[in-house]
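Take a look at this one; I'll ask things after.
Just so it is clear, A, B, C, D, E and F label the chains in written order, and each chain counts residues from 1 on its own.
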Amino acid sequence: MKISARNQLPGTVRATTMGAVMAEVTVDVDAGAIVAAITRGSAESLELKVGDKVTVLIKATEVMIAK
Amino acid sequence: MKISARNQLPGTVRATTMGAVMAEVTVDVDAGAIVAAITRGSAESLELKVGDKVTVLIKATEVMIAK
Amino acid sequence: MKISARNQLPGTVRATTMGAVMAEVTVDVDAGAIVAAITRGSAESLELKVGDKVTVLIKATEVMIAK
Amino acid sequence: MKISARNQLPGTVRATTMGAVMAEVTVDVDAGAIVAAITRGSAESLELKVGDKVTVLIKATEVMIAK
Amino acid sequence: MKISARNQLPGTVRATTMGAVMAEVTVDVDAGAIVAAITRGSAESLELKVGDKVTVLIKATEVMIAK
Amino acid sequence: MKISARNQLPGTVRATTMGAVMAEVTVDVDAGAIVAAITRGSAESLELKVGDKVTVLIKATEVMIAK
């Protein structure tokens, strides 16, 4: 399965924080660290834990540029 | 000025494509290339051109994880 | 590969419209039709065409409720 | 009042989970279940509860396609 | 009908630009001007034109803070 | 540094609510109050507190119109 999200970066889960509804997942990628705020349900469904090899996905319409 | 967007990656503009309303900007970062779809008005306001040193900004709530 | 986007609906591409930067893709799902605005580059990369079996993905943080 | 969000699916609230800041709302629609992560303030303002007839709204620019 | 989007600002359409897929709509609100990038299909469905009284809607999870 | 987000409104922080993962920040702007749901990490990194002068940033692709 191929997904339309233009930005897909491979990385490794460095940390996870669980809230009641949301979860924060920090992923080490080559460019540094990327923080994702996903639902706790998603994090649990993926059984995300430190050290997991994952891919970070970001839709192009969500990316901003500063100069 | 400091911005709440958790993900800020430095990079260099590799390509820009202009549409009537939207613009696509490809930025080379350490992790590879990031594609941003911003308004043409934003691209023009920033005077974005190939070779520009920029920062890519992504809000944590927009990031997904695949495993 | 499993993705954190909570909402994944199977469907069939009914129509595509290409712009210079963006593409609109209409997908028939059981609940009706879902319209996606993705980059033209994504649509071309996926070689999307009418009749394709696809999955519509929507991050939970992007969903609103009206009552 | 008509809203620009292209995707509007009628459904019924199946479950709600409240966090300190965010709320997760699961809505049964014809295509299956849609999960929304909205602010707790929004959920309280709408007085969302199981069984409520609601409409799920999703902006086209937030929809992705996998194939 | 009440919608979960936390931010709803009344305003007047000042300008519209149509692309093949997307439309840019500039709305004068009390705080200044707000620019929306919506699909051309949405703009046509709402029959948006200069001078229209509209409401700008923004989901709280899409708002960033700079300081 | 100039950012591509088209909508930038100056305001004053009126309230903050902290969850385990997310934070809600209410900012008074000329048009009324804007609510932002950002990560707790962002709120802490910016040391956001009531009375702070801030700028609210919203990407044009995240704005909807109702009429």
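Criterion: a contact is a pair of C-beta atoms (placed from the backbone, for glycine too) under 8 Å apart; a residue touches a chain by one contact, two chains touch by 3 or more.
Given the structure is predicted, the values throughout are model-derived calculations rather than measurements.
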Discussion item. If you apply the touch rule, which chains end up adjacent to both chain B and chain D?
Written reply: A, C, E, F
Response to the item:
Overlap of the chain E and chain F neighbour lists contains B, D
Worksheet item: Same interface as B-C shows up in which of A-B, E-F or C-E, over half of contact pairs matched?
Response: C-E
Worksheet item: Could you state the distance in Å from the CA-based centre of chain D to that of chain F?
Response: 22
Discussion item. I'd like the Å distance between the centres of chain C and chain F, where a centre is the mean of that chain's Cα atoms.
Written reply: 29
Practice prompt. Calculate how many whole Å lie between the centre of chain C and the centre of chain D, each centre taken as the average of the chain's C-alpha atoms.
Written response: 18
Worksheet item: Just curious, how far off is chain E from chain D if you go by their C-alpha centres, in Å?
Response: 20
Fill in: Sites on chain D at which at least two other chains make contact
1-6, 19-22, 24, 35-39, 41-43, 46, 55, 57, 59-62, 64-67
Response to the item:
Among line, ring, star, complete and other, the chain contact graph is other
Worksheet item: Hey, which chains are touching each other here?
Response: A-B, A-C, A-D, A-F, B-C, B-E, B-F, C-D, C-E, D-E, D-F, E-F
Fill in: Parts of chain E lying in touch with chain B, wherever the complex brings them together
17-24, 35, 37, 61-62, 64-67
Worksheet entry | Contact footprint of chain F on chain B as seen in their complex | 1-6, 36-39, 41-43, 45-46, 55, 57, 59-61
Practice prompt. Write out the stretch or stretches of chain E touching chain F in their complex.
Written response: 3, 5-9, 24-25, 27, 29-32, 34-38, 42-43, 46-48, 52-67
Discussion item. For the complex, give me every residue of chain C touching chain B.
Written reply: 1-5, 19-22, 39-41, 59, 61
